[in-house]
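Below you'll find the structures, each written out as structure tokens.
Here come two complexes built around chain A, the first alongside chain B, the second alongside chain C.
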Partner chain A sequence: MYEEADMEKNYYVCTGCGLLCDDIEVESEKNIINKVYTACRVGVAHMKKAKGETNFLVNNKPVDEATAVREAASILKNAKNPLIFGLGTSTDETQILAIELAKKTNATLDDTSSFCLGPLVEALLQDKLKPCTLEDIRNKADVIIFWGADPSDSHPRHLSKHSYFPRGSEKQKGWEEERTAIAIDIRKSHTAKICGNYFFQIPPGGDTEFIDALIAALSGKLPKTSYNFPPKKILELANILKGAKFGVIFAGLGLIYSLEDLEPVFRLMKILNEKANFHLVPMVGHYNMRGFNENLFAETGYVNRVKFEDGMVKHGPEYSVVESLKAKTVDAALIIGSDPLSSLPRSVSKNLLEIPVISIDPCETLTSKHAKVYINTAISGVESGGSATRMDGTKVSFKPVVETIHPSDEAILKKIMEAV
Partner chain B sequence: MTNAMELYQMLPKTNCKKCGKTSCMAFAVSLMSRELTPEDCPPLKEESKYRENYEKISELFKPSEGATETGLIVHEDLCFGCGNCVVACPPNVANDPYGVGSGKAPTNVNRLVLIVEDGIVKAQNLGECRRFGKNKILCYGCIVTCPVEAIEFV
Partner chain C sequence: MDFGSFLSAPEINIKIVTYRDIFQDKAMIENRFGEEYRDRSAILKLDPADLKQLSIKAGDTVILKNSLGKIVVKAEESGYETPHRGIAYMPNSPWSNMLVSDETGGTGVPRFKDISATVTSAKGEKVTELRF
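Entry: the complex of A and B
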């Protein structure tokens, strides 16, 4: 590849988290990344992940690629109801292939959003909530709420690149004068520390009540909570929100896990949009979880938890990764870029040990160690390219930073698809 | 960081003037402002009965060896490269409004005070820092925006 002689810099996209920062400079030599500029520590660790030789294991014994693919295909072929799970760290192209594969093998298909931010993304795709892009936020946002989210730790560049500190086209004076950052959380997180006096500490599970109190305050009533949150502070918050010209709520897992359903959020957003102008962005962690939701939604009308059966699509909580493993309704599993044995409760994940598992992952994980077939793939976004969807729904395309001998998960899925 | 009174408590308190200052309290103040170092107090350095205190004081001043001319220290073990300070630093914004000032990658690295390299903030071009030079002011831009107190001025 020839570098152009002009001053245009060669920026890469970091796929370390759902922010997909597109302004990363990298110094590399002989396919080894030496220096990374502008990326946060999470991104640097992601990009510099050292890699060994390619690994194809069947029953923990090294084999060649063709054998591993053949074995994986035969597991899927022999299964009546295989589970396909993961894909949060795969490109759109890989996800679309996985959906096709699920159709072909009558599989149950789910991703991490089913115990994460899936409901919010679904509501956004169904136009039940008002979306906006991170660029809009940088250029216009004056009131920013981090609710049950701590981007300083989960998405380190969130505040500096988009939501609080940068100057935008309509926010030229900077964060001190023109923006108000508010944190609503159960503990004083690093983000809450930056929000200073606008940190509202609520007890675990107190979100619904806080929303109701806030709605009361917004409608001019006295806000009451069972945990006696100072009404004066809630009224003060309501006044700030009423004055917002471009407000945004970043909803994190802390908020979602505390709610029975999204109804309180809809009510809050409705009244906020009567009094002011408010948008919502889910704090998506995996770099392409939202992409999976959007791709599956385009294909089936659902964002996750589906079961394909002879061309038909079924959807329901029983097809989620947790419920299908708990009820032992699946008889094989293809896990792509995820580690359910580590991340799910043992009472659920131990059922994975009873069925044949295929693990396709750039890293060795607990799941890959217990898998019947393990295929070590390229790190998506560092060693292989493609496209993905950022937390706000913006499509981002990226090219690999270095070359690799590892096959991409897309290439492997294509081969499995041909062999099934 | 400690204060001059605490330092004074650890000094010999004899007002021997060997350091060139009029009293041990004055020496403590000079220590605080980095005008003098613990080695400039001969009794403290040489006499064995002060050895423990000498080691304590030396330890206190150790981290500042890595400090820059403006006294800025980046605690690399705490910093995680969020870049809040880079985007909020007033000289950075003035020198690169459409790059770091707008939250993006730097376009004018040579005139920036703070940049993120390998996930950690790096201080450079301290001539541009508002705490430097004739018209210096006590700017706290990078400190108040840091979520983990990784930046300190000594």
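Entry: the complex of A and C
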């Protein structure tokens, strides 16, 4: 089905991160990818990932698909308040099914955006921040700010494909003359090194004060911080920002974790758009985290942290994966494409060991090893297709690169749904 | 006999800031239970003055401890030009997560990038294995 002839001038999409690079070429033979062109180090590893032999396990013993699905459905049926979590590396189609399943099982539903960039995506969906696409940035951006973000490590092709180095249609002289890249961070990251003299190093937790000082400078006042950041440097930064014809802030976790809420960001964006023209793009990590936020928002008006109950939907921090595990309010968990035993604080995730867990994942993880049911699914975007939303909100569709014997998470969720 | 092992090792309080690392990410994708992922995750990047105060060299193992747990990781010199005594850096991983508090103030957001711990020489003890 995916032979040479069909592939002529056909590029694949890399689902290794939230950039969803759509210019990937591969060489494959007998459904094994031997070479990956154009992708970054992370993308190549993602696309060439070798899969284990394990297919379906119940209590760590091999079973057939029907048994695994039946066991998963029985766990969900017997639970009063199951948690459905993950889905950042699942397609829109899978996410929409998971939302339906959550409704049907009166589940608590959350994803990684809950302790990540969810608030920013929510603000963008509520038109509280000015969005733009990565193509706009490539073609027009003249002032680019990486704030608490290090795409050189997290999104390796960000600067070369979109934000800094390309010669866009209105930026033919490129980064040497027409773009200014600025890093605001607590350490000199690889991205900050590229920004050279435009690296502004602030102390951990110093972001809100820096925003206030920058707003003061933009308003023509003397910028002050308790950590004595040189006012002259902040005034220089304010002058660069004021001159931006097309500015963008790439907001990362470093910024978000440092703020109590987004109010300082709203204030900064407001004044930046009075003096110049500024957009914001969240540095979404997982390839379809933003898709989850958008799909749930379309269904419920919330981007994450919901609890379905007899057709009603409740929302709040108490329905976040962290608080519901901590308070032990959930009595089973269906984890799709995520490894909370690794990615959550152990002080929280250890509570997963006390409830039955279903792990649906293309690779074995700490979570899958401790799950009652483990279903090894196709690698989304490599072995199964669908659609997703890039970090900037652009929809991207993709087809599988190779075929596999492993079912997609979408196919498995459909079967669980039928059996519940 | 190594009499040094009976002496109490110097201990310092540090704030650990976690970050993403492309090489560590790639190693995780290839094998999250593998040696390379452990070698690139279970590390602590310290200011040279802190290394000196701990009487250890880059490459030695250290014990990181707080009320949430105790892990052994390898100490490295950060290489940053700006001094950062008392602040250390560590790639975000299951190792760093062993020290992250469940105290969130009800927000649902743990302080992944703001970990307080003590650090002391592990006197050759091996890096903590990844398991529950």
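Just so it is clear, the second predicted complex is superposed on the first by the 411 of 420 C-alpha atoms of A that agree within 3 Å, B and C clash if a C-alpha of one lies under 4 Å from a C-alpha of the other, contacts with A are read in each partner's own complex, and residues count from 1 in each chain.
Just so we're on the same page, a contact is a pair of C-beta atoms (placed from the backbone, for glycine too) under 8 Å apart; a residue touches a chain by one contact, two chains touch by 3 or more.
The shown structure was predicted, so the numbers you read here are calculated from the model rather than taken from an experiment.
Model built by superposing both complexes on chain A: chain B and chain C fit together without a clash. Counting the residues of chain A that each partner touches, chain B and chain C differ, and the larger count belongs to C. Looking at the shared chain after the overlay, A:Val313 reaches neither chain B nor chain C.
By the touch criterion stated above, A:Thr191 is placed in contact with chain B alone, chain C being left untouched.
When both complexes are overlaid on chain A, the residue A:Ser152 reaches chain B and chain C alike. Judged by the touch definition given at the top, the superposed model places A:Cys363 against chain C, while chain B stays out of reach.
In the superposed model, A:Val420 lies in contact with neither chain B nor chain C. After overlaying the two complexes on the shared chain, residue contacts for A:Tyr37 are found with chain B alone; chain C is out of touch. Legend: residue contacts after superposition of the two complexes on their common chain; A:Ala411 is shown touching neither chain B nor chain C. Of the two partner chains, both chain B and chain C are touched by A:Ala45. With chain A used as the common frame, chain B approaches chain C to a shortest CA-CA distance of 7 Å. In the superposition on chain A, the residues of chain A touched by chain B in one structure and by chain C in the other are 40-42, 45, 152-153, 156. Considering their complex, residues 16, 40-42, 45-46, 49, 114-115, 150, 152-154, 156, 186-189, 201, 204-205, 253-254, 257, 305, 317-318, 320-323, 326, 339, 341-350, 353, 363-366, 370 of chain A touch chain C. Across the complex, chain B is touched by residues 9, 11, 23-25, 35-45, 138, 152-153, 156-157, 159-162, 164-168, 174-175, 190-191, 193-194 of chain A. Note for the complex: chain C touches chain A at residues 15, 17, 19-23, 25-26, 29-30, 32-33, 68-69, 80-82, 84, 87, 89, 93-94, 97-98, 100-102, 104, 106-114, 130-132.
Residues 79-84, 86-88, 93, 97, 101-107, 115-120, 145, 147-148 of chain B are the ones that touch chain A when the two sit in their complex.
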